[in-house]
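Below is one structure, written out as C-alpha cells, with a few remarks after it.
Chain naming follows the written order as A, B, C and D, and within any one chain the residues start at number 1.
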C-alpha cells in the first residue's frame, strides 16, 4: 500500500480546473494515482477527487493549505485534503439488533474498514459481549422521553473526548434531536431498513409486507433534520415472494443492511463522498 | 409440450384439501405435472395451483365444473380451471413510448407469451408501424378531458368485440376512470416506472433523480381504483450513480420496464397469479 | 412456529402419487402446510417435499415407516422423513480464512440456522477465539502429507463421537481423501470461491483476475470424489471492474461466500434438497 | 448535447501525465467534461480517457495530432482522439437467432446507440424482414466448408466498401478464420451465451444445464484467434432453478444476451474501452 493523500474539490465549473490541480501536484513532484472528475449538467458544477503518492511529494502537508490556497481562491473552490494513512475515529451506536455492529467490527478487524472504533454506545446492555470480544469500550446510555437531552449531552461529551470523526447508527432505534444532528453535519450515517423513500418511519418491513412488494431494500444515508430524508449514500435490494412471512423479511433484510451500511461507511472514511444539495457524488 | 389444464384454488385452510384435489384428479385418470400450494400464516388461508396432463384425463372439461362442484362446495373454495392450450386474448394500450409494446410483440411472436394480441389501442398514431409490422390492427383513439368518457366507451366496445381477456397498459399515459377499471377486475396490468410505493404518480424518474436514489425501479401491478396502489405482480431495479443524468435514468428504466412487464403478463396468461387482498401469490 | 414433519420423495413418475401421499397424511389427520412437487421432463422423474403440522397428527412418527412402506413400495419410492424440530448436528471445518465460520456461527446463534454445532475442526489454531466466544469445542488437527490418513481418521472419530449429520467446509484448504468423502455421501458441503465450473482448483481469484472477468462468483456444492465437480446447491456473483486489484476480488468474494454457503447449509438442514444425478432439486 | 472530443491514452506511468494532458487542453481553451484515469498496480501502467467540450476549443482537430505529438512522444504514449459526433459505422452479422439483432436495431433507432448500421450480413435469409423494417441492406452470404474463404472475402469487401469501423457478431453461428480475425483487431465484438470461461465452445446452455448450475451467463468480448478467449467487455447472469428446462435457459439467456451485447457495443462506439493485454479497462 502506497501512502497517499486525497484532495476533494467542488466549485462552479471553469476552464483550467484539472490543469491547475494536476499542475500543482506535479510541480511539487507528486505522482497522481487516481483522478476522477464529475460535472453536473443541470447547474454546471465541478467535482473532483484526486489521490497522489506521497513518496516523492516535496510539499509537507502542513504547508499544503498555504500553498494551495491561491488556486482554491482563484476558482472559488470548496475543498479539503486528507491523508490516506489517517484512520478516522468512528463511534458506533446500536440498540438491540446487533448484526450491523458485529459486521462492522469484523470488517474493521480484518482491514476492510481502515478506521479506529474507540467506542460503542447503546441504549441497551445486550451487545456488550461483542464489544468485549473486540476490547472496545461499551457505554450503556439508556434514553427515555425524560432524559433524552441529558443522554445526548453525555454522548456528545464522549464523542468529543474520543475525537470522533464519524457517528454510525448501526440500527440505533432512537431519533436524534435536531440540535444533536446539527452539530455533526455529514458526520452521521444511518442505515434504514427500506428502499427509501418508500416506507419512511417506523416498521418499514411491516409496511413492505402489507404493501406486498416483491423486493425489500436497505438505505444508508447521512442524517439530516428531516427524518429519513438525508442524502442517500448507498442502497440495496433483495428479492422476496409470497412465501416470505414478516420474519423472513427481517432476516433477508439483515444481509442487505450489513452490506449497504459497511459500504457507505467505507466510502466515507476513504474520502470518496461529496455532497451536492441533497445528493451524493461517490467516487468509487 | 403436453396439453394440460390448471386448477387454481383458494379458501380457508382445512385438513384434506390436497388429498381431495389430488384424489379427484387421480380418480379421473389425470397425471399431475405440478402441484404447488401455499398457506398464509396470519389468516390461515390456503392457495393452490395444480397442473395436470390432459392426455389420459377421462373427464371432459365441459363436465369439470359439475363434477368438481361438490368438492369446492364442501371446502367453500374460490376456484377456476383453465386449459393451457387456450391462448388468452390480450389488448395492448400504448402512448408514445413504444419500448414495452415492441418487446411484448416480439415475445408473443417468438412463443414466449402464449397469447393472442388481436388489437393495439393508442391515443397517438406513433406506434402504428410496429403494429403493421406484426399485422395487428391499431386503433388510434385520442383522449382529451372532453371526450374521455366517449373514448373509454369506444375502447370497451373494441374489447368486447375482440373478446379481450387482459388489458396491458404498456406505458399508456392516460389515467383510466374508476368506472372503466371496475369493469375489468384483475384484468388490467400496468407498468409503473418506479419502485412502488416510492414515486407514485407523475414523472417518477424526475422524482427519483431529485431524491438522489442509487437504484431505480419498475413495477408491474394490477390496476385498481386507487392510483398506483393495485396488487404488485413484479418489480425490478437497476443501479444508477451520480454520473447518470435524467435521460440516463429514462434509458436504464426502459430495460427494466420491458422485463418486468413481460414477466407479469406471462404469469397472468399462464394462470400463475392468485390475489389475496392487495397482495399477489405467484406460482412461478 | 408449528411443529412439523417433512417427507421427501423421489421415484419414477406415475399417476396417483400426489393423491396417495396427501390421502395418507389426511387419513392420519395431518394438515399439510407445504406441498411442492417437481417433474423432470427428460427422464420423467417425480420429486416431492411435503411438510405437515404434527399438532393433530395421529400416527406416532415411530410407526411412520411401517405404515408408509406399502405406499412407498407400490410406487418404488426413495424417501425419507424428518421432524422439523430435530436440529441436525453440524461440524465446521476451517483453515485460516474465518469469515464463513464467523458468519455461520452468528446465524446459528440468532436462530437462522436451526442446527447444533458441537465442534469446529481446523488445521490451524487461528480461529480458536471465535470458537471460544461461542463456547464451541475447537480441535486443531494439523494436516501434512505424512499424517493425512491419520488426521482424517481422527476427524472421523470426532464426527462419530458427536453424531455429526453434516460436515461444512467453511474455506477448509485441505483436499479430503476419496475414502473420507465416500463415507459421507451428500453430507459434506464445500464453498468454492469461484463461479463453478469456471476456475476449478487452486487460486480461483487469481485465475479470475488474469482472465479479466467482469463478475466473480462463489459456489456451494456437495463434495464428491471429483474435485469441484459435486452437485451445485447455490451460486452467487458480484460485479468487479478494472479498478479492482486481486485483493479487492478476495474482499468482494468474502461477502459472496458467506451468503452462498449459509444458504446452502440452511436448505440442507431444513430438508429442502434432493439429488438427481449430479443436479440438485431445491424446494425453497 | 455538447459536441465533444475524446482522448484515450495509455503508457508507462510517469509523473506529470495528467498535468501535461490537462494543460495542453487548457492552453487551447478546452473545457474538460470528464477526466478518468486508472493505474494498474502490478505493472505500473497508466490509462486515461479525457473528454472535452469543443465549443471554445481553438485547435482544429485536423492539427491535433501535430500539436499533441511532442507530448505523446515525451511520455511514449499510445493514444487516439475521437470526435463524439462521429457516428461509427457498424456491420451486424447474424444467423437465425434474431433477438440481439432486433434489440440493437431498436436501440440504434431510438438514439441509445450513436452509430450508423449500413449493412447486416447473414448466412440465412430469416432475419431479412427486420432489416427491411429499418431499411437496412441485408446481405445473405451462405457459408459452407467449401466456400468459407470466398464468403469471408465477400464480407470483407462489403466492410471495406461501407467503411465499417466495428463488426458485431449478434449470435452469428460461424467461426471466423484466423486470417479474417487478424484484419480487425479490437474491431469484432461477439456475444457468447455463457459466463466465460465456463462452457467454452458449442452449446453452452446444454453444458450449463447438464452441470446443474444455478445461474446462467452471457459474455461480450472482442474476438481473437483463440476461440472464446478474447478480452471480456461485459458479462451478466440470471438465476435459474431445477424447474427450468433447457428451453427455459435459452429463453432467459436471450434477455441477458441483448443487454450484455448492447452495453459492450455502446462502450466501444463511445470510445470507453482500452485494452491491456487480454483485459479491458472500461471508462463507464
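As a convention for this text, contacts are C-beta pairs under 8 Å (C-beta built on N, C-alpha and C of every residue); 3 or more make two chains touch, one makes a residue touch a chain.
These numbers were taken from a predicted model, which means no experiment stands behind them.
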Statement: Counting C-beta pairs in contact for C-D and for B-C, the higher total belongs to C-D
Message: Need the most distant chain from chain B, centre defined as the mean of C-alpha atoms.
response: A
- prompt: If you average the Cα atoms of chain B and of chain C to get two centres, how far apart are those centres in Å?
  reply: 37
Message: As a quick test, compute the distance in whole Å between the mean CA positions of chain C and chain D.
response: 41
Field: Touching two or more other chains - residues of chain D
entry: 38, 243
Field: Contacting residues of chain B [partner chain C, same complex]
entry: 13-19, 21-23, 25-26, 29-39, 48, 56
Parts of chain C lying in touch with chain A, wherever the complex brings them together: 99, 102, 106, 110, 112, 129, 133, 243, 251, 255, 259, 284
Interface residues, chain C side, partner chain D - complex: 38, 40-42, 195-199, 211-215, 217, 231-237, 241-243, 245, 276, 278-282
